[in-house]
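In the two assemblies presented below, chain A is common to both, partnered first by chain B and then by chain C.
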Partner chain A sequence: MKPRHLNPEELNQLLDHLAQETCVYAPVKDRTGARWERIKSSADVWLQEVNTAEPAKGFIFPRCEIMLKFDPDGNPVEPEPPAELLLFGIRPCDARAIEILKKFFIGEDRTDPYVRARAEKVTLIGVACNRTAPTCFCLGLGGSPHATTGLDLLLVELGTGYLAQPVTEKGEKLVTTFPPAAERDLETARHLRHQAEAEITTRIDTRTLKEKLPAAYDRPVWQQLALNCINCGVCTFLCPTCHCFDITDETVRGKTVRYRVWDSCQFTLYSRHASGHNPRLDPAARYRNRVMDKFYYTVEQIGEISCVGCGRCIHYCPAGIDIRQTVEQISTETEKTKL
Partner chain B sequence: MNPNPYLPLPMRIERVTIENDGRDLKTFDLAFINEADRAGFSFIPGQFAFLSIPGVGEAPFGIASAPHEPLLKFTVKRIGVFTTALHELEPGEVIGMRGPWGNSYPFDLMAGKDVVIISGGFSFTTLRATIAHLLHPENRRRYGRIIAIYGARSPGELLYKEEIRVWEQSPDLQLVLCVDRLNRATWPTREGLVPNVLKEVAPQSDNAIALVCGPPVMLKYTHPVLRELGFQPDQVFLSLENRMKCGIGKCGHCNIGPKYVCKDGPVFSYAQLLNLPPEY
Partner chain C sequence: MEKVELLRRRAKELLKNGEVVMVIGFGPGTRPDISQPLFATTPEQADQLTVDSTCSQNLATYLLKVKDRGRVAVVARGCESRSIVVLLQENQLQRPNLYILGVGCQGVIENGSKSVACTVCRYPNPVIGDEMVGEPVPVSEPDPAVTRADQEFDRLSPDERWQVLSEDITRCIRCYACRQVCPNCYCPVCFVDASMPQLLGKTPNLSDNMVFHLIRALHMAGRCVECGACQRACPMGIDLMRFNRRVAKTVRERFNAIAGTDLNHPPALTQFAPDDPQEFIR
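== the complex of A and B ==
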C-alpha cells in the first residue's frame, strides 16, 4: 500500500472532518501527562507525551461494561451493539497489545462476543514514537517504536509534515486523496526509526525464556523479587494486555445489571476457592503468576509473549519493581545452578 | 449453540431435595423452559455449568445428572452469598443456567477397561453422573468392572442415599460406602477413610482407569495408595474446582500454569498435573 504525505494543515483538516463524522478518541493533555478522551477537533489532540497513562485496551475491553440487563421478570437482555470508533494517536506498543487481546478473546474455540463486537468497530491510526521513555523496551519483544502491527494506518511525524503508511484497506481509504510520499520522506522516516530504536537500550532476552521460566518456578528468588510488591494490582490494570475480569451483579432502584469489571491476579480473593482454600495465598506466588503468565503461559496459550514493553508497570509501580530486572534475574538464577 | 456464552438459559426448578443431616446440601433438579434450549443442550459427565440468579450472580457447579436423564441435576453446598440465595429457592421458580463447559471424564479411554471411582464428601456429584451413565443399559457393556468407593464424614452426609442403596445391591457395579464415624448407625457398614478403604478394596490396576474427586486432603493420601496398587499417573484422572468467573477460558481466574481448569479441565490426568504448578 502506497505511503502518502500530509502536511500539518491537511492532517488537522482530516482529523476535524473525522471528528465530525464519527466518534474519535485521542490523547489529550492531562494534569500529569496524557489521557484518552473524545475529541471535537484536531486542536484537542496532545501527542507530546511518549504515551498515555492508561493503555487503549479499554476501547475493546472496558474497565466496566454491562454484559446483561435483566427485565422485571428476570429475563436477560443483551446490550446494544457498540458504535464505530476511531482511535487517533495510539502508539505501536498499544496497537500490538490490542492484537494480542484479540487473540485471547477471539480464539478458535470460544469467542467473547463483547470484545469481538468492539474490535470489529474500531479503527486504529497510530503515531510512531520518535522519542522514547527510559521505561520503554518494545525492542526485543517483537515491537518497535515505528511498528505497524495491529494498526490500520501509521503516521510518522517528519518535522515538515507526516508520512502516512497504510496497513489495512480501512487505513488506506482514509488517505487516498493525499499525494504519494517522496523518497526523501521515506528516508527521513527510516532515519527517525533508527534513531528511536537506538534510544532503547534495555532489552529482555526472550530467546531462552521458554526453557528458563518453567525451571525457575520453585526458586526461592521469587520471595526476594516480590518482597517489595504490595499486590496493589496497578501493573495489571495499566498493562495493555492484562485481560482478567470479574462478573458481578448489581441492583439499583429495582434495576438489575450484570457487569464485567477488570480484575487482577495480584489480589488474594482472585484465586480463593469457595471453601476458603487459596492456591496462591502467598503474595510472591501471585507476583510469580503475573511474570510467568506474560513470558511463559501465554506463549503456550496464544503462541507469543504477552508483554509489549510499554513500560507502564515499571513507571507506575509504587514499590519500584522493574519487570525487566525480574526477568533478567530469573534468567541468571537458572543459569547459575546449571553450572 | 448459544451465540453469547454469557447468556443464561431459563430453567425451572422441578424438585429440591435436602441431601444431608447438616441440611447445607441441596439437590436441584432443573427442566428447560424452552424446547429449543433443551434440544441444543448436550453434555458428557464431568462437565459443569453456571447457575445464575439475577441480582445475586453466578457460580459454577458440576452436572450431577447423566445425559439420558430428563432433568438437569445440581447438588449445591450452602457456603456463600450465591449458594445461600439458591438454597432459598423453591420448586416452580426460574433460574438461569449456562454451559456445559469444560472437558469430561475420559470415556473413550475408559472403554474396555475397569473403572475405579474414588470420591469423598460432596464432590460425588459428577461421579454420580458418571456412574449413572456407565450403568445405562446402552453403555454398560462397553466397560469392564466398575468399582466405586464413596466416603463421607457420617452416614447422614452421604449424597443420593436412596439411589446408592439401590446401587449397593446392583450386580453391575461394586459400590463400597464408608464413613469416618459410624456412630452406631447400621448403614453403611464400613468405617474408615477413603484412602484406607481403597487399600483394603485393592482394585487391580491392570487395564483400569481411576477417577478421583474429593477434598485436597483426600487427594493427598489417595495418590500414594493408587501408586502402591500399580496405577500409573496416566491412569488416574482428577476433577478440579478452581475459582472461575467465565467458564470459557477468558477471565483468567482458574489458571494452573498455562492451563485453565474451565477450558482444559476440569478433568486432568495425574500425569498432566505433575507437569503443572501445584496451584489447585
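== the complex of A and C ==
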C-alpha cells in the first residue's frame, strides 16, 4: 500500500472532518500526562506525552461493560451494540496490545462476543514514537516505536509534515486523496525510526524465559522481590494486555444489570474460592502470578509473551518496582543455582 | 559526615551486632523520580540506603508486612514516625520489636515538584525514635496557597462542593493504590472487598467510587497522618489529600487532636472525653 504525505494543515482538516463524521478519540492533555477523550476537533489532540496513563484496551474491553439488562418483569433487554470508533494517536505498543487481546478473546473455539463486537468497530490510526521514555522497552518484545502491528494506518511526524503508512484497506481509504510520499520522506522516517530505537537501551532477554520461569517458580527469591509490592492494581489496570474481569449483578429499583468489570490478580478477593480457601493468599504469590502470566503462561496460551514493553507498570508503580529488573533477577537466580 | 553516610553506618552496626534482623529504608530505583523500598538484612545491603526527595512512600506500610520476623529497624521521617505511633496505639506493632532510626525530611517530589502534602507539613522530624541520624530539619510555614484553596472549597455550597468532588472522583479506576500504600489502612478485609454481604458495588461508577473515597476518608479520621503517599500513588492524579486535610482539620478543631503525634494520647475517635466540644449534637 502506497505511503502518502500530509502536511500539518491537511492532517488537521482530516481530523476535523473525521471528528464531525464519526466518534473520534485521541490523547488529550491531563493532570498526569494524557488521557483518551472524545475530541471535537484536531485542536483537542495532545501528542506531547510518550503515552496516555490508561491504555487503549478499554475501547475493546471496557473498565465496566453492560453484558445484560433485565426489566422489572425479568425480561432481558439487549445492550446497545457498540458504535463505530476511531482512535487517533494510539502508540504502536498499545496497538500491538490490542492484537494480543484479540488473541485472548477471539478464537476459533471460543469467542467473547462483547470484545469481538467492539474490535470490529474500531479503526486505529497510530502515531509513531519519535521520542521514547526511559521506561519504554518494546524492542526485544517484538515491538518497535514505529511498528505497524494492529494498526490501520501509521503516521510518522517528519517535522515538515506526516508520512502516512496504510496498513489495512480501512486505513488506506482514509488517505487516498493525499499525494504519495517522496523517497526523501521515507528516508526521514527510516532515520527517525533508527533514532527512536537507539533510545531504547533496556531490553528483556526473552530467549530462555520459557525454561527459566517455570524452573524459578518455587524459588525463595520471589519472597524478596515481592516484599516491595503493595498488591495494588495499578500495574494490572494500566497494563494494555491485562484482561482479567469480574462479573457482577446490580439491582436498582427493580432494574437488574449484569456488568463486567476489570479485576486484578493482585487483589486477595480475586483468587478467593467460594469455600473461603484462597490459593494465592500470600502477597508474593500474587506478585509472581503477574510476572509468570506476562512472560510464561500466555506463551503457553497464545504462543507469545503478553508484555508489549509500554512501561506503564514501571512508570506508575507506587513502590518503584521495575518488571525488567524482576525478570532479570529471576533469570540470574535460575542460572546461579543450575551450576 | 553526611546524613546518608551516618545512616548507612548505623544500619550496618545494627545488623552486624544482631540488634535487628532487618533495616527498612530506601534504596536506588530504576526511575530517577522514585526510590525503591530497601529491606537490608546484611551490612552490605545497608550500603545501598538512600534518603532524599525521591523516597515517596511511607515505609510504615512495610512494617506490617514483616512484623513477624523479629526486631526490625526502620528509617523514619516525620510521617513514618507518626504512622508508627498510630499503629502502636492500635496494637498493630509492638514497640520492643522496632528500632526507629529517625531522620529529618525536606519533602518528597510528586510529578516533578514538591508533593502537596509536604508543602503543608508541620512534622518533618520524627515524633518518636530510638536515635536521630543527622540534624533535625527546621519546620517551614505551610504553603498559603493550599490553605487558601481549602478555604475556597469550604466556602462553596454543598452542591458546588459535591460537583468539585465528583469531577475528581469520577476519574478513579478503583486500583486501590491509595489504600494499599497507606500504612494506617490495614483492615484484613476492607469493606470494599466484603462479599457476604457485598457492601459496595464493583463497578467503577461515580456513586460507588464516591462511597469508597468518603468512607476511606472517614475511616482515617484521627488516624491519617497526612503523609500524602496515597495521592502520590494515584495514577489518575486525584486530589486525595483534599479529603484527608479536611478530615484532619475537623479532628483538630473538634477534638484538639493531631493523628500520631502523641503516643500517650489515644486516637480521637477511640475515646470519649466529657469535655469534647459537642455543639454538632443537637
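Remarks
Here is the rule we go by: the second predicted complex is superposed on the first by the 339 of 339 C-alpha atoms of A that agree within 3 Å, B and C clash if a C-alpha of one lies under 4 Å from a C-alpha of the other, contacts with A are read in each partner's own complex, and residues count from 1 in each chain.
The rule is simple: a residue touches a chain if its C-beta (ideal position, glycine included) is under 8 Å from a C-beta of that chain, and two chains touch if they have at least 3 such contacts.
Bear in mind the structure is a predicted one, so any value in this text is a computation, not a measurement.
When the two complexes are overlaid on their common chain A, residue A:I330 makes contact with neither chain B nor chain C. By the touch criterion defined above, A:A319 lies against chain C but remains apart from chain B after alignment on the C-alpha atoms of chain A.
Of the two partner chains placed around the shared chain by superposition, chain B is the only one that A:Q301 touches, whereas chain C remains out of contact.
Of the two partner chains, neither chain B nor chain C is touched by A:L153. Legend: residue contacts after superposition of the two complexes on their common chain; A:F245 is shown touching chain B, with no touch to chain C. Legend: residue contacts after superposition of the two complexes on their common chain; A:T256 is shown touching chain B, with no touch to chain C. Legend: residue contacts after superposition of the two complexes on their common chain; A:S271 is shown touching chain B, with no touch to chain C. Shared-chain residue A:V167: touches no atom of chain B or chain C. Residue overlap on chain A between its contacts with chain B in one complex and with chain C in the other: 246, 248, 250, 272. Against chain B, the residues of chain A that register as touching in their complex are 67-68, 70, 74-76, 78, 104-105, 107, 109-110, 112-114, 217, 243-251, 256, 258, 263, 265, 270-275, 277, 279-280, 285, 289, 292-293, 296-301. Those residues of chain A that touch chain C in the complex are listed here as 30-32, 53-54, 63-64, 134-135, 224, 227-228, 230-234, 236-238, 246, 248, 250, 259, 261-262, 264, 267-269, 272, 283, 314-316, 318-322, 324-325. Interface residues of chain C, counted against chain A in their complex, comprise 29-32, 34-37, 39, 56-57, 61-62, 65-66, 111, 173-177, 179-181, 193, 195, 201-205, 229, 232-233, 235-237. Contacts from chain B toward chain A in the complex involve residues 3-8, 10, 54-59, 79-80, 83, 94, 96, 215-216, 241-243, 245-246, 248-253, 255-258, 263, 277-280.
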